[in-house]
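Next come the structures, one after another.
Common to both upcoming complexes is subunit A, partnered first by subunit B, then by subunit C.
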Partner chain A sequence: MSDFALLSMLSPIYLLAQDAAAGAAKEAFVWSTLVNQAVNGIGIVGILLLTSMGLAITFGVMRIINLAHGEFIMLGAYITFWMQDVFKMDLLLTIPFAFLGTAIVGAIVELTIIRRLYGRPLETLLATWGLSIVLQGVIKLIFTAQLKYVKAPAYLSGSIDFLKGEGGATLVSISYYRFFIIAIALALLAITMYLFYGTSWGRQIRSVTQNRSMSQCLGVNTKLVDMGTFAYGCGLAGVAGAVISALKTVSPPMGQDYLVDSWMVVVTGGVDKLVGILAGSFLIGESNAIIAFILNDPTARVIVLGAVIVLIRYRPEGLFTVQKRS
Partner chain B sequence: MSKSPIFSSGFSRRKFLQYSSLAAGTSVLAACTSGGSGGTESADVGENPIKVGVMYSTTGTIAIVEKSLQDATFLAIEQINTGTGPWQGKGEGIGGRKIEKVVVNPDSNWDLYNQMSKRLIDEDKVVCVLGCYTSASRKSVLPVFEEKDSLLYYPVYYEGNECSSNVFYTGAAPNQQITDSTPYCKENFGPKGFFIGSDYIYPKESNRIAKAELEKAGGQVVGDEYAALGTTEFITIINKIQAAKPDFVLSNLVGDSIPAFYRQFKDAGITSADIPIMAYPTTEEEIQAMGPEYSAGHYTSFNYFQSVDTPENKAFVEQFQAMFGDSRVTNGVMEAAYLQTFFMAQAMDDVLKGGKEIGTESLREATRGQEFSAPQGRVKMDPDNYHTYLYSRIGKWKEDGQAEIVFSTDAAVKPIPWSQALYKGRTCVHPAPDDRSDPTKETGKDLVPEFLKS
Partner chain C sequence: MSDVVMGYKQSTFPKKLAAISGFALLVLVILPFFVGSFQLSLISKLLLFGTLAVSLDLVWGFTGILSFAHGIFFTLGGYAAAYYLKLNLSAAKNTYGGELPDFMVWNGLTELPWFIAPLKYFPIALLAVVGVPALFAYITGSFMFRSKVSGVYITIITLALSSALTTFFVSQQAYTGGTNGITDVSKLSVFGLEIPPIGIYFLILAYTVFVLALGWWLTQSNFGLILRSINENENRIAFLGYDVAQYKIFIWTLSAALAGIAGGLFVPLNRFISPVYLAVAFGTQVVIWVAIGGRGTLVGPLIAAMLLGQVQNSAEKVTQDWQLIVGVLLLVVVLFIPNGLMSLLPKQFSLANLSKPKPLPTPDAAVPVAPEAMQPEPAQRSS
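Take a look at the complex of A and B:
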């Protein structure tokens, strides 16, 4: 049933793609361009993966409806901007500080707001949403509403060419910076998975999310675990903000843009497993890239969002969730 | 576990929907309340001040631009009230009466512009309003100003094709920005143009005109792409540009999208020597935000650049930086917001000198034909179509974030509100005195560019 629905929904896109492909077949270069687009789509995937990882922790693991996720990304970007502006630091060197800075803010938020609201999703939703407005306002007061400039490291400019056409024209390539984003995202995912599945801290986190009172009985300091996990999730969002700041625009409302994408990725991939966000971001990033190439950007967004809604209707637990007995 | 694992704490999807719609509802409410803030300033404005509305968003997505327009407007009002800057020697205020600014913040929300303008006119009883940036906000308030017969001074380059007895347009009309830049691109870069823009009324209309102008000049449109307002991911559009191999890109992207696009354009390995970008909304402010190394070698067509060499501009930049800080830059929209405040003040001065009361009708008639030595040069409010005689310039961005002016008209160009490539021979002539009848006039022939005689 669900598979059929998915197919019938996708068929208009398939037909459109066929039409476009038939029209484009007259021009020979289009296939290499399409391949290039798919390769570039990986660049979008990297950004989605990086920006949604923090949410995969705060929502996926801790089940906090965190509407301030985008603002933690924004905070990371502003920490990078501030450190570059004041200490003239290289972007790479600011990443640990962006992590620490946003993690500390995250810990304070957990201590003062989130802690009092576990098990009360409505209040959490309103509180984090209010928090996002406050954070935007505070940043605007400190740094003004002007767009900010973050310098990209010079050694990360240029691109890797995979395929050259006649006359040396580059047909398929990806820029070093996008490649760097993908590498950082995958490295962070690996570290996070190790922390969650390979250390005792990770076991504690999982036991707390599964059964809080039982974990308490067994001597787990649940309050500390909660604070640490939330701070870690916020720290990851901060790293994302620091890394993308050189490619995107730094301004107080910038986080809003990533909030929706992050939610789509986490919900599509499946909230239970961290590896789900890898699949979610790949699926959303690549389908966005390909549909946008065939049609155009705004249409691609509409189609992908629509597809995610239909998917959630038939698989509310996302694509990659372990089957559980009900 | 019997429940969906997403909401293990007894939180059903229906509840989630209820709560999130509640959150969305509250967000509208919050926007309204924050938009309602502002109001009359407390500074000493003396006896019998003249009330003027200032309507720019200082919160929300467009705040990035509109805040700087508000700053430029505040500078002008401050200079008028203290008798400094261009107002030197005219005394404090206008005929002894100071300007009292009534400041509202529409929170980048088109509906709120409409409500705020009603409030300014009905409750605050301002004589006119300085404000708006996007075409969407102007279209939102236009019916209010026309219905209540009040005046709006609008400082932004726009897509044209509009004339109203209730709006004075002090930004560029199509023939002061697009008409010179498209043939320039064709001659200097080549015939093939790729057009991009943000997905809303101004970029689409502006590109429609630019495409028509390019084809009229014998060029060829090889691509036309739009990105949702606020998009910062341009990899697809850049890939399409690479595939289409144009001689130049014409960009009407606005706001946050601009720095992201230029950065990713260079990051994708395209230099300004390969494919130069000719842009309209990319100004000093956005260049500063993206870093000048990304914009060097690209072009912008505008009436004003911070590097324009006039004594008025030198004074303007100095006074602006003295008030708002040395790191700030000035740009064409800010300059228009600045000069329109002086158009308004000079007109008020003339009304008072003529022994009349400042009202919509007297102010409108007095504003027609006003001249002012603006930072960009001598400009004039066209008495016929209420647009402004402005210089047309093209700047090439340098490594230091300032523009080298590679093209400039010798004098300010007479505005033609309707694009002549799309609507041949159409213009507006408001009758004098203005009885608010339809000003559209079909001449049926090509309108020759006219210049302001000094």
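Take a look at the complex of A and C:
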């Protein structure tokens, strides 16, 4: 989990806060730590947003239960690693290739597997789980199970300091790289929204999800739309993998870490509107960060997951959807 | 009601099924005398995994609830048994003397927590092995099934449950032993006599037979018919006046208890339990066994678990990429053999056919409809 790294980064400040004997001084310290935690929570929000966006499309729009989502993230990370290793490319430059590569794999997967299973969600779930094992196995064959490291570009190292303490100690800060993640996540969200709500391709996708046979009658090539949409969702996962690769070690099972979290974001935000996942990742990321500050990290995860379970029970369509009659 | 199940009421003792299962049982009974100790413990372990898969089959294959949470029930039962065996380590064998298990000493506990202490006594531990998973299942089941949530969302809830519990067990190091789990437990003994591995094997074999028999009896009964109807069309069975949630909660709890006992037997065999068996990966492993073996066939998942385990054991000596083979197999089964490997068996060997004798020739022809025609069609699956 990213949160562990975050907590360890934070702990010196936290201990400082514990040491401060004077009540008032302690109060000030704790507040700034809390703010810092919340700001760093934004970093988690960025990662969640990035990793769940592809899922919001494959599940939210196409209703495909994709358990191989994490593996598409992993594929993106490996593409970045490979390009950096062989061509010494800058991480930013590899992002389009990560998108294209995973999108192509996604299109092939749609053609060969997903297409045969439309309308059978549980079978799709099983097949994509099989696919996730296969993808992990193939990557392990090519790159071995060793951990790989991707370098972040030098101009993205360092951090922005918002608030400095009396002794010059940084109280509230965020690293450029986390800032970059949020920026790229928001940009991708904007692009995706434009594609979905501003172009004829997006209109075709929406019409197919609303009424498949009617769209077919009106001359929409539904099969092509299905393939394109799934490939696009996988491509987004690939971008997420490329961006995250510099933050974490790259290894075949890395995608698994993001699978459950992405699912939680998507079901929390609701799948009706793409904006829902922004709200979903914000809620989950921030509540995780703040509960982790008050209690501890594992407890935060358990509480947040518990809350999501209760949420699914009462509002399976997500928090931010308009109640519809079915 | 009664005319729906007439076909079953007529059935007499299924001779063919009894013959085949009797033969299989005979093989399993004499097997331990011909294999080494490693194979013996491997087969015992696979029988338990198979039993776990059968318990999932009751929930998924028959009732249509796909759960990734069966590892949870297995592990809960396992922990209950592990506490019992750990607390009964003789003081001399315990690393720190005294009563307190080693991992509690490491984590600074000075006395046994009140909720673990009673597990020192055999009857309470036995009750906990069954009761804790069942209670957990009853609570989660009542929470999930008494709502409009269904299908895929239930599956996502079980994913979240499994993920949350793994985090919880890993974080509560002082009480659960953290990532390592509970290791170095004592051997299972009855009245001061240690049970040898072969004894544990027969215990496990007996339990496997019990679970299969219970599952078979349950699914052939009226109750099983209702479960299958829930799988096929939940709304219709609700319109007929059945409380669908009640049935789902019952089978969910029963299946959890069965999985819990399997976990409880796993600890004396394997001598440790850890959160590995809670995690999503193990939960999906169970799902894979059921999917490959064949949903709703009871023996299919058992056979799949045992075969895959054996193949894995030999494949791991040759290649590290054993998981890749499982993935491909799963894909092939889902795409081309949706009803699992059991459906590849010739028709006359299918469970439904074996458990039903030939219809007696009726000279008076009072019942012109053959019993087969009265059964629900198993062919179409909506899920």
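Definition applied: the second predicted complex is superposed on the first by the 296 of 326 C-alpha atoms of A that agree within 3 Å, B and C clash if a C-alpha of one lies under 4 Å from a C-alpha of the other, contacts with A are read in each partner's own complex, and residues count from 1 in each chain.
The rule is simple: a contact is a pair of C-beta atoms (placed from the backbone, for glycine too) under 8 Å apart; a residue touches a chain by one contact, two chains touch by 3 or more.
Everything numeric in this text was worked out from a predicted model, so none of it was measured.
Shared-chain residue A:Leu218: touches no atom of subunit B or subunit C.
In the superposition on chain A, A:Leu126 contacts both subunit B and subunit C.
Using the contact criterion defined above for the overlaid structures, shared-chain residue A:Tyr177 touches subunit B, although it does not reach subunit C. Using the contact criterion defined above for the overlaid structures, shared-chain residue A:Leu305 touches subunit C, although it does not reach subunit B.
Of the two partner chains, subunit B is the only one touched by A:Ala292; subunit C is not. Once the two complexes are overlaid on the shared chain, A:Trp263 sits against subunit C while remaining clear of subunit B.
Of the two partners, subunit B and subunit C, it is B that touches more residues of subunit A. When the two complexes are overlaid on their common chain A, residue A:Ile113 makes contact with subunit C while staying clear of subunit B.
After overlaying the two complexes on the shared chain, residue contacts for A:Pro316 are found with subunit B and with subunit C alike. Residues 121-122, 125-126, 129, 133, 140, 145, 267, 296-298, 301, 316 of subunit A lie in contact with subunit B in one complex and with subunit C in the other.
Put simply, subunit A touches subunit B in their complex at residues 29-30, 33, 36-37, 40-41, 43-44, 47, 63, 67, 118-119, 121-122, 125-126, 129, 133, 140, 144-149, 151-152, 157-159, 170, 173, 175, 177-178, 246-251, 253-254, 257, 267, 271-272, 289, 292-293, 296-298, 300-301, 316-317, 321, 324-326. Taken in their complex, subunit A has these residues touching subunit C: 65, 113, 116-117, 120-123, 125-127, 129-134, 136-138, 140-141, 145, 256, 259-260, 263-264, 267, 296-299, 301-302, 305-306, 308-309, 312-314, 316.
Of all the residues in subunit B, the ones that touch subunit A in their complex are 1-2, 4-9, 11, 13, 15-16, 19-20, 22-23, 26-27, 30, 58-61, 63-64, 67-68, 199, 225-228, 230-233, 235-237, 239-240, 242-243, 256-260, 263-264, 266-269, 285-286, 288-291. The residues of subunit C lying in touch with subunit A in their complex are 66, 143-144, 147-149, 151-153, 155-157, 159-161, 163-164, 167-168, 170-171, 280-281, 284, 287-288, 291, 320-321, 323-324, 326-331, 334-335, 338, 383.
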